[in-house]
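Lettered A, B, C, D and E in written order, each chain numbered from 1.
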Amino acid sequence: MLLMYGTPNTTAAQQVVNCRLYCDGRAVRDIDIEHLDEVPDAPGQLIWIGLYDPDEEVLAKVQKRFGLHELAIEDAHLAHQRPKLEVYGDTLFLVLHTARRQASEFAFGESHFFIGRGYVVTIRHGPSETFAAVRARCEAAPQMLRKGEDFILYALMDFVVDNYFPIIDAMEAEIEQIEDDIFSNRFTSDDIEKVFGLRRDLVALRHAVQPLQDICTRIMRFDVPLIDRDTYPYFRDVQDHAIKASQGLETLRENLGSALDAHLMLSSVKANEVMKKLAGWAAILAVPTAIAGIYGMNFKFMPELEWAWGYPATLAAIAGACGYLYYRFHKAGWL
Amino acid sequence: MLLMYGTPNTTAAQQVVNCRLYCDGRAVRDIDIEHLDEVPDAPGQLIWIGLYDPDEEVLAKVQKRFGLHELAIEDAHLAHQRPKLEVYGDTLFLVLHTARRQASEFAFGESHFFIGRGYVVTIRHGPSETFAAVRARCEAAPQMLRKGEDFILYALMDFVVDNYFPIIDAMEAEIEQIEDDIFSNRFTSDDIEKVFGLRRDLVALRHAVQPLQDICTRIMRFDVPLIDRDTYPYFRDVQDHAIKASQGLETLRENLGSALDAHLMLSSVKANEVMKKLAGWAAILAVPTAIAGIYGMNFKFMPELEWAWGYPATLAAIAGACGYLYYRFHKAGWL
Amino acid sequence: MLLMYGTPNTTAAQQVVNCRLYCDGRAVRDIDIEHLDEVPDAPGQLIWIGLYDPDEEVLAKVQKRFGLHELAIEDAHLAHQRPKLEVYGDTLFLVLHTARRQASEFAFGESHFFIGRGYVVTIRHGPSETFAAVRARCEAAPQMLRKGEDFILYALMDFVVDNYFPIIDAMEAEIEQIEDDIFSNRFTSDDIEKVFGLRRDLVALRHAVQPLQDICTRIMRFDVPLIDRDTYPYFRDVQDHAIKASQGLETLRENLGSALDAHLMLSSVKANEVMKKLAGWAAILAVPTAIAGIYGMNFKFMPELEWAWGYPATLAAIAGACGYLYYRFHKAGWL
Amino acid sequence: MLLMYGTPNTTAAQQVVNCRLYCDGRAVRDIDIEHLDEVPDAPGQLIWIGLYDPDEEVLAKVQKRFGLHELAIEDAHLAHQRPKLEVYGDTLFLVLHTARRQASEFAFGESHFFIGRGYVVTIRHGPSETFAAVRARCEAAPQMLRKGEDFILYALMDFVVDNYFPIIDAMEAEIEQIEDDIFSNRFTSDDIEKVFGLRRDLVALRHAVQPLQDICTRIMRFDVPLIDRDTYPYFRDVQDHAIKASQGLETLRENLGSALDAHLMLSSVKANEVMKKLAGWAAILAVPTAIAGIYGMNFKFMPELEWAWGYPATLAAIAGACGYLYYRFHKAGWL
Amino acid sequence: MLLMYGTPNTTAAQQVVNCRLYCDGRAVRDIDIEHLDEVPDAPGQLIWIGLYDPDEEVLAKVQKRFGLHELAIEDAHLAHQRPKLEVYGDTLFLVLHTARRQASEFAFGESHFFIGRGYVVTIRHGPSETFAAVRARCEAAPQMLRKGEDFILYALMDFVVDNYFPIIDAMEAEIEQIEDDIFSNRFTSDDIEKVFGLRRDLVALRHAVQPLQDICTRIMRFDVPLIDRDTYPYFRDVQDHAIKASQGLETLRENLGSALDAHLMLSSVKANEVMKKLAGWAAILAVPTAIAGIYGMNFKFMPELEWAWGYPATLAAIAGACGYLYYRFHKAGWL
């Protein structure tokens, strides 16, 4: 399922969710995006901006203030990027896919992160949880937030990855529902459409999750700017969860595949049983039709027709033949 | 689907689409290909030639002027090459496949690029968009064009790769049409032929797109001539789009596969339903035939035939048996 | 099949299975976990703690005494980790999946090991064999136990891996049972459900076994703390057994696949035979019905009806036609 | 399809196709293989021998003169080797599979090349084109032949690889024929046998072509004797053609697979249509049989039978019921 | 198919097949295994012991004399190892699977080799050819045997690998037999069981053959003890044959797969034909039944019944309708 968002049509106010200045791990004040340019760089200082579906104007302000690369800004504006990490000089540009349950549907969004010396910019596109919880968690732990941009990056990635698991669990529940339907013989055309949608969602989520392993490996390479060695265990933890999510999805895919195989086998077994049952009854019913047909002929000289016991004897013969056939078919497991 | 072009039968004028001299990022004048030899090399100068299905004579002139390798010229003349990058001394020879929608068909062409110190030669074979747009874009940005041959190479590759996306979108639309047909029960033999053609086009486009990832990696290797480090981000961007196209195609292939699986399952479910319905009605209709057959026998002594209520009773018995069967089959979900 | 354990609800006494101090390879005394903090470090000394589904309180004590990393403790508490080796400074954190047969079901558990200078902590979650046998084996061989923490790690891993083989053997027996059912024509819907469960168990066990190869390779890398070169052959042996288990599972998967393929082919052959038999008898029975129908018509002028031999001749004709058809079908192998 | 040649039973004269001495790129004279020993080594001199299915005696002479390794000679004598490059000291031993069309069948042969300082020995086994054309091409270009043994090796490999393409084209034509048969509904049991043979030929040709990529890479490694750097572009060209052939085969395999999938889907669609048509007509014909059966009963008191309009009314009822069913089935697309 | 041998129950005499002392490539004398300890090491001297299913006592003697590692001895005693090469200090421990044809079944055994400075120990488990032929070949070539332990290792491996080829040929013959059965329409349920067994044997043999490529690569690594550089071409030859065997098996697997695909397609084509034939005849026979049913009705006023030509006209109508249907079905290729 392709990502489900289109051209942004949010108002300027909606676009800037948050824009706050931090110093030594503590929030100092909110900044108006219009005056972003007027905030000078300073050691120990960090600007954390949260955007939602920003238009070119807003992005241009951010680009100008932090000197972001035109290609990265193009990506951030157009969205519909695959999960990836790009390094432009001292800036990291990270794209992640996010997943969310809306009503009974799975919806996929996209988040972009610019991380540079003294700033973090998050850009959300399409359906996704807000990062308010991440900001709150960071602000509540100044000693961690003081670690700098790399810790915020970890907190954001951790949040995105942790949000995959309820989705995977929901998918697992759906697959188990389908399995139950299959084994209790309640699998219908509607289930097939459900299976089909689920498969697409599994593929979409796999495409969201799988690149994270390489992205984490890459983040922990010595030549990536801004990432301190002492945050490596945290990114390893994100990676570990990404691998777990990835394997969970793979298992779901395999289980769905096995379930469909089982459905196929069950259908075939059942179709064979139905065919045998039908064939058996057709054979049994063909006997009276054939015998009665013979004694329905209008020949003048048919001695049996004259016999007093002809009729009951014929009935008995018919019943006997049918009974015998029934006995044989029953013994063979057809009826 | 193999590339759809054969031996060129274009006139000399058609073969040389464009041949222009640039100096410091600005167009100086058009050159007659016949007098190509007379233009001397000069620093900051660049000759950009655009050819279409050139014959051996035209190619020989270009080869002589720029000292191109005989094996590369052979490839450029015969066409039907796979996408690849060859390095002959100081010259890059690049082959890309192009895709285009013609009527409701997908058509594939081939473009060759020679890039050397002071020249760029593009050779198009078969159906493809002209590179006029690329030339116009470059001429409109002299500060970029001044970067030299590597920037033109980027602009050409970017153009080719960007042209894949409308094709992929069109394929996606066709697959969604097929899915709709499957789930709304309108899938016919014609759709199968369409699926078959689509699969071939997917394979052809995959073969066009997939090699681009390695080609870009190779272009960004330190030992490749002419490519400056500061254009690397641009080639990384081309690579990123190529990966996106590649994954999009992979997703289409998976979705088409799932859709066909769903069709198979639906067919089987439907065939089972039809079979049960048929079997049910056959059983119901076999009852009057068998009972009527018995009372159609011509035995002399059949007491029921004499009874005044024999006929209506038999009709009632038939109706009862049929009704009972209908009730049973209906309850079992067969009718 | 996902791991089958939930939130721990064991009492404190149940959680600490064992907590013993060793010196120079010999058990010195049991330690109360409450007083763990009071046991100082000393050369040649080793504390070996065995926990089962510990709560946060117990884990906190262990963490505090040995300085374990918060991320590892989080994993150890939440469980549901994939098999992995993490290195936190001087501490190894190892997760393995364990398998066990309960009644006729396969159940999967999880074991965590912390190995550091002077201590080994084992944590079991869900169904698994206790490590009492490993402890007994180690205590019975003081010259081995004196080798230190790495030897205990080997003994634990060896025990876990050895316990996979009876499970694999039991799975093999089940698959052979299924094969027998298939080839002796006793394969029913119940078997399909069994196959389905077995497939899931095979996947789960594969996920337990496969990571062990890489884990062993990693353990034997020079930069992993605590592991002496002279225990490498022991870890190579564990790895060898893990590979054997892995290949055994792969073979089972292939054999199960082949068996199902064979079932499919047999079903299809059988369905074809049934269809031919039915078709044959239907054709034979249609003949008397059609002929008798004709002579059951009530036309005034039907000369055959008047003939003395009409009836027996018709019977003979019917018998002849049926006999001929039977002969033909029998020769064609249909009946 | 295994290679189709057995023990050689050629005469001595047939075995030595050619044995010629070259000096500075020009043919000097033919050598009698019996006197091979008497030709001394000399700078700028080259002996090029062409053998066909040689026996041990002939091979022994060549081995003795050029000091070939016993294991390579064993391979060359037994044949049935896979495509490979072996380096024995200063000698290269190369095995290639050749393909040829004989009548309407594809036949596979094997060619062995010994290349050493001052000599080239070619050995053909089974069906293959002679290398006379290669020798002629080389003798016609003394400036190339002067480049030495590596150029001859290139010319031979180029010839073998170029000969794969007509075979691939012929296979493509056969697959297109099969596709046409499938979509125009003319696919029969004979086509299945053809598909089966084609699949085997595709596998055999793939086994011939695929190893060439690695062989070329290996030839261009700095530690391979005799190969000068300035012939690298030529071997890269051979490799490029090998990759193209390999991808062409892969595409054929995929297309054949798709075509068979399409056949399966078409068959299933068609079988469903036939079943519906049959079911429809069976239902329509069952109506007169059942109604007529009822009025064929011999009850004394059946008022309808006495009515003057009974018969035409019944006929009308039958016609009406049949017509109504036909209308319903037609609307449902069954008839 | 798992290896088919169990606990050894051979007598001591049977266990030691051979135990001989060699000096400078020549056999000196046989040694009693009981006095193995009394033979001192000496330069140029080599002890070659051949064991069959040895018990712990015999193995202990060998272990003591040559100082073999306990883990390797454990493997050698328990058997059921996968093919592998282990290096314990200066000793190589090699496990290979052997294949043999017994009656019409394929049987798999296991051979273990200990190779150290001055000794070679071979241990056979289960069905396999004896190594008497290898010993004889080596003793017949003292100049080769003088090369030492590595040459004996080569001779043993060469013997094992060469013995795979007759097995592969036999499997190929069986697959060809199955193909013949499929295409000549003689494929029955028994063949399915045969296919199933063959698939398992293919898997077992693949597991025997495939690891040999890596083992040979490993043997030729500079850090492996005892293997001289001048025996590398011999191990390369073994590797080459192993690759050939591996590819042969892969081809067999693919061909068997294609054959089964062909069987499936043929069955489906045939089932469709049978269905059409049946449907055709059922339609033709339903016509007289329906028409005759109508004229079998007992209405008083049925003018046709009174007509003199009613009966023949009806017969003619029936014959005409049936003939027309036959003509139509025949033209459509159904009958």
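Note that in this section contacts are C-beta pairs under 8 Å (C-beta built on N, C-alpha and C of every residue); 3 or more make two chains touch, one makes a residue touch a chain.
Chains and their UniProt names: A, B, C, D, E = Magnesium transport protein CorA.
It should be emphasised that the depicted structure is a prediction, and the values quoted were computed from it without experimental measurement.
Undergrad: Identify the chains adjacent to both chain A and chain C in the sense defined at the top.
TA: Both chain A and chain C are touched by no common chain, going by the contact rule given at the top.
Undergrad: Distance-wise, how many Å sit between the C-alpha centres of chain A and chain D, to the nearest whole number?
TA: Centres of chain A and chain D (C-alpha means) sit 42 Å apart.
Undergrad: Using mean C-alpha positions as chain centres, tell me how far chain B is from chain C in Å, no decimals.
TA: Distance between chain centres: 42 Å.
Undergrad: Using the average of all C-alpha atoms in each chain as its centre, how far is it in Å between chain A and chain B?
TA: So the centroids are 26 Å from each other.
Undergrad: Can you list every residue of chain B that touches 2 or more other chains, as numbers and ranges?
TA: 270, 275, 282, 289, 293, 296-298, 302, in rising order.
Undergrad: Looking at which chains touch, is this a line, ring, star, complete or other?
TA: Graph shape here is a ring: one loop, exactly two partners per chain.
Undergrad: Which chains make up the ring, in order, starting at chain D and heading to chain E first?
TA: Chains encountered around the ring, chain D first and chain E next: D, E, C, A, B.
Undergrad: Contact residues on chain C for chain E in the complex?
TA: It is residues 172, 179, 183, 233-234, 236-237, 240, 243-244, 247, 251, 254-255, 258-259, 261-262, 265-266, 268-270, 272, 275-276, 279, 282-283, 286-287, 289-290, 293-294, 296-302 of chain C that touch chain E.
Undergrad: Going by the contact rule set out above, which residues of chain C touch chain A in the complex?
TA: Touch list, chain C to chain A: 2, 69, 71, 75, 81-82, 84, 86, 88, 188-189, 192-193, 195-196, 199-200, 203, 207, 260, 263-264, 267, 270-271, 274-275, 278, 281-282, 285, 288-289, 292-293, 295-298, 302, 304-308, 310-311, 314-315, 318.
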